[in-house]
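Pasting in a structure now, in structure tokens, and then I'll have a few things to ask.
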Amino acid sequence: MKTLKNLGYVLALPVLLVLLWWVSTRGEPNFFVPTPAALVDVFGPTWFEGRITADVLPSVARLLAGLAIAIILGIAVGLLVGLNRTLRALTEPVFEFFRALPPPVLVPVLILLVGLNDAMKVAVIVVGCIWPVLLNTIEGVRSIDPVQNETTRSYGISGMNRIRYQVLPSAAPTIMAGIRQSLSIGLILMVISEMFGSSSGLGFTILQFQRSFAIPEMWSGILVLGLIGLALSLIFQWCERRVLRWYHGLKEVENAA
Amino acid sequence: MSAEVLKPGRAAQPRTARTGARRSVPKPVLGLLGVLGFLLVWEAVPAVGLVEARFLPPASEVIIALVRDFGLTAFWLAVGHTLMAWAIGLAVAVVSAGVLGLVIGMSPFLRRFTNSTIEFLRPVPSVALIPLAVLLFGVKIESSLMLIIYACFWQVLIQVLYGVADVDNVATQTAQSYGFSRFQRVRDVVFPTVLPYLMTGLRLGASVALILAITAELIIGSPGLGREIADAQSGGAISGMYALVLATGLLGVAINIVMRQAEQRLLAWHPSVRGEAVL
Amino acid sequence: MQPDAISANTTPAPEGAVPSGRTLPEGEALLSVRGLKKVYSTDGGPIEAVRNLTFDLGHGELACLVGPSGSGKTTLLKIIAGLLGATEGEVLLDGKKVTGPPKKMAVVFQEYGRSLFPWLRVADNVELPLKNAGVPKEERRERVAAALEAVGLAHVPKSYPWQLSGGMQQRVAIARAVAYQPEVLLMDEPFAAVDAQTRADLEDLTRRLWKDLGMTILFVTHDIDESVYLGERVIILSSSPTVVQEDIVIDLPVDRTQLETREMPRFTELRHHVYEQIQLAKKGHRPDAAH
């Protein structure tokens, strides 16, 4: 009974919105908005007859590669800088500039530096996504509790052991917040690096549909992008809950007190 | 549920006394040295031929081009266009998400009713709407606005929902027992609690809005700095392009500083200047 | 009250020398503190926290350091632990100069909530220093289990520290130190943040661990009752800049109980004496030649 009620809450509004969409497109055809039926009809043939392997999967692969490199590099450099006060002061203004630089402007710059190829598209994602991870890692390392640091020191825990057992877990909540920002930036960059002078990929395909006025297909592309965004967000939430189980428990206890 | 935050809250616990601040060089000087070092490396990279100067002009050339830009009306017009799209888009998103957030947040029914839809629509990247924006508005500013509003709306809405959820039950009950009207309750109990969250949403939205304003200009061609960058690139004015990229970054830094200042100024009176949720 | 009945440990200071705590002949001391001085440089100029401290700790001793608040107790402890450098003087452990945190020393901090790692379960927290020291897995498991057993926490190895009460968290921190098997255990006001009943339990636990495991413990506290109840010896510190005000022997029976020991006339006498000395210290009185 309870689960049925919950299911009702989950589905009610989406069903209502689809109904509204269906009713409002039922009369004369609207040029900009296809009927739900037309979108469903066009979705399969548009994406599952070749485009999924030719455009979608390569796009997603580039996104994941870029994100992985950005996260690893961001954490590594963030640890290095965060653990050294002089290095931190030295790099702060430069890093603040790159954090504030809107990542899409990197696309024309990297087209110049790397060329119009896959490496450029991955590089755009790396260079755009690294800053939130890097800066959050620095902040996470900087704000480690001093008593915690004295504890590791007094037990002689240093070097890689200290990073592995103290610094990384302690900074993990802040690092994860940075990664979450990187995900949405990465998705934006994946799309626009393909829209800006490219001849394949998801971004290019959707723009191509729009240019040839294939409206239902264009909408189906928006839907695909939405689904990728949703999937990415769900995967992240799942990972985050596993990695930071202790943190959420701790917060709950603190909030209850 | 978790909040997206650019800078996590400062550690709340008191720090042990720093022993002997024996740094010989003060922090701002080090920062300046860092900037100088960065510019020097940039200057050297094309000079020693690591990258050809026609792809990466030396820093000095780009800075000269930027200074020249500062004297041009066209440059300031582009900055004005970008800032206008940024400000209008941000304002519309903040007002609509603020009002909707209060309405949804204060009703447990609406909160449950809309939850799945919000969680589904929020991760949809706003750049997915680019083709639709082009179709509907072409290169007009409305294209930029559509992307900006969509992206910022969720940022602000989520923060406001957190804020309303954070309202103290005791305070609400106290207000009820003193016969506060619904309007008074919103004004005197809910709004002060939500304000810091709203400011966080505004600050996050501000940088997202700039990203999408530039994106729309770059990809769709609505007027502004982004289009100038695309034009400079396709016209082969490489140092001009780098100068504009630099200008865009400086604009981003300026927006960040203004937003952080505004947040601190506005919330200085606030009794519960909260440490931002890190996650 | 006869102050003479208190056996002062203090080495009689030669004319003009700074008074010191009890010192032992060379080679007998486990821990030696010699002429320790600490000056902090701050924006408002240098601040002398510790002026001149000298005392020895023998094998198997349980000594309490007590002093008025702000007397540099924590500073002193951190210097002994090798966490903080001294301006002058030195600390010797087994005759070797302490320059960083020594291997055979463990510290129990006052802030148990911040000293335990919230991402590790109780047993993992206790195990971590052993893992770092390269103790083989099987031995690690045994030592962790024994330490948790010793502090009465054998039933919660899989819990997270933040799921436990404050007193239990401090027990975890003590278990971590015990499992490490240090030669000297330093405790920095470890029970200042727990409630009175828990505190009494933890005091008895500390005495029991000292007796059963034969550890050497240096226990810092601002609580006069606690210092007399716990210690076999109490080192009273002056107010800052700190010197040793007095070093006395606590000649209470080895087996102590919260009720009976605290009701003994001798306990009251000793407490009275320490209390007076602390009051004197607060008023700025300093032992001769330490001005």
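Labels A, B and C are assigned to the chains in the order they are written; within every chain, residues are numbered from 1.
Just so it is clear, a contact is a pair of C-beta atoms (placed from the backbone, for glycine too) under 8 Å apart; a residue touches a chain by one contact, two chains touch by 3 or more.
Note that this is a predicted model, so its numbers are computed, not measured.
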Leader among chain pairs (count of C-beta contacts): A-B
Centroid comparison with subunit A (C-alpha atoms), farthest chain: C
Rounded Å distance, subunit A centre to subunit C centre (Cα mean): 51
Subunit A-subunit B separation of Cα centroids, rounded to whole Å: 17
Set of subunit B residues in contact with two or more other chains: 13
Where subunit C touches two or more other chains at once, by residue number: 114
Where subunit A touches two or more other chains, by residue: 145, 147, 247
Footprint of subunit A on subunit C - complex, ascending: 78, 81-83, 100-101, 103, 105-107, 109, 111, 114-115, 117-120, 128-129, 131-133, 160, 162-163, 180
Subunit B residues within the subunit A interface of the complex: 2, 4-8, 10-11, 13, 15-16, 23, 25, 27, 30-35, 37-38, 51, 55-56, 112-117, 120-132, 134-136, 207, 210-211, 213-215, 218-219, 226, 229-230, 233, 238, 241-242, 244-245, 248-250, 252-253, 255-256, 278-279
Subunit A to subunit C touching residues, read off their complex: 145, 147-148, 150-151, 153-157, 161, 165-166, 169-170, 172, 246-247, 249-250, 253-254
Of subunit A, residues touching subunit B in the complex: 9-14, 17, 32, 85-86, 89-94, 96-105, 107-109, 111-113, 132, 135-136, 139-140, 143, 145-147, 173-174, 176-177, 180-181, 184-185, 187-188, 191-192, 195-196, 203, 206-207, 209-210, 215, 218-219, 221-222, 225-226, 229-230, 232-233, 240, 244, 247
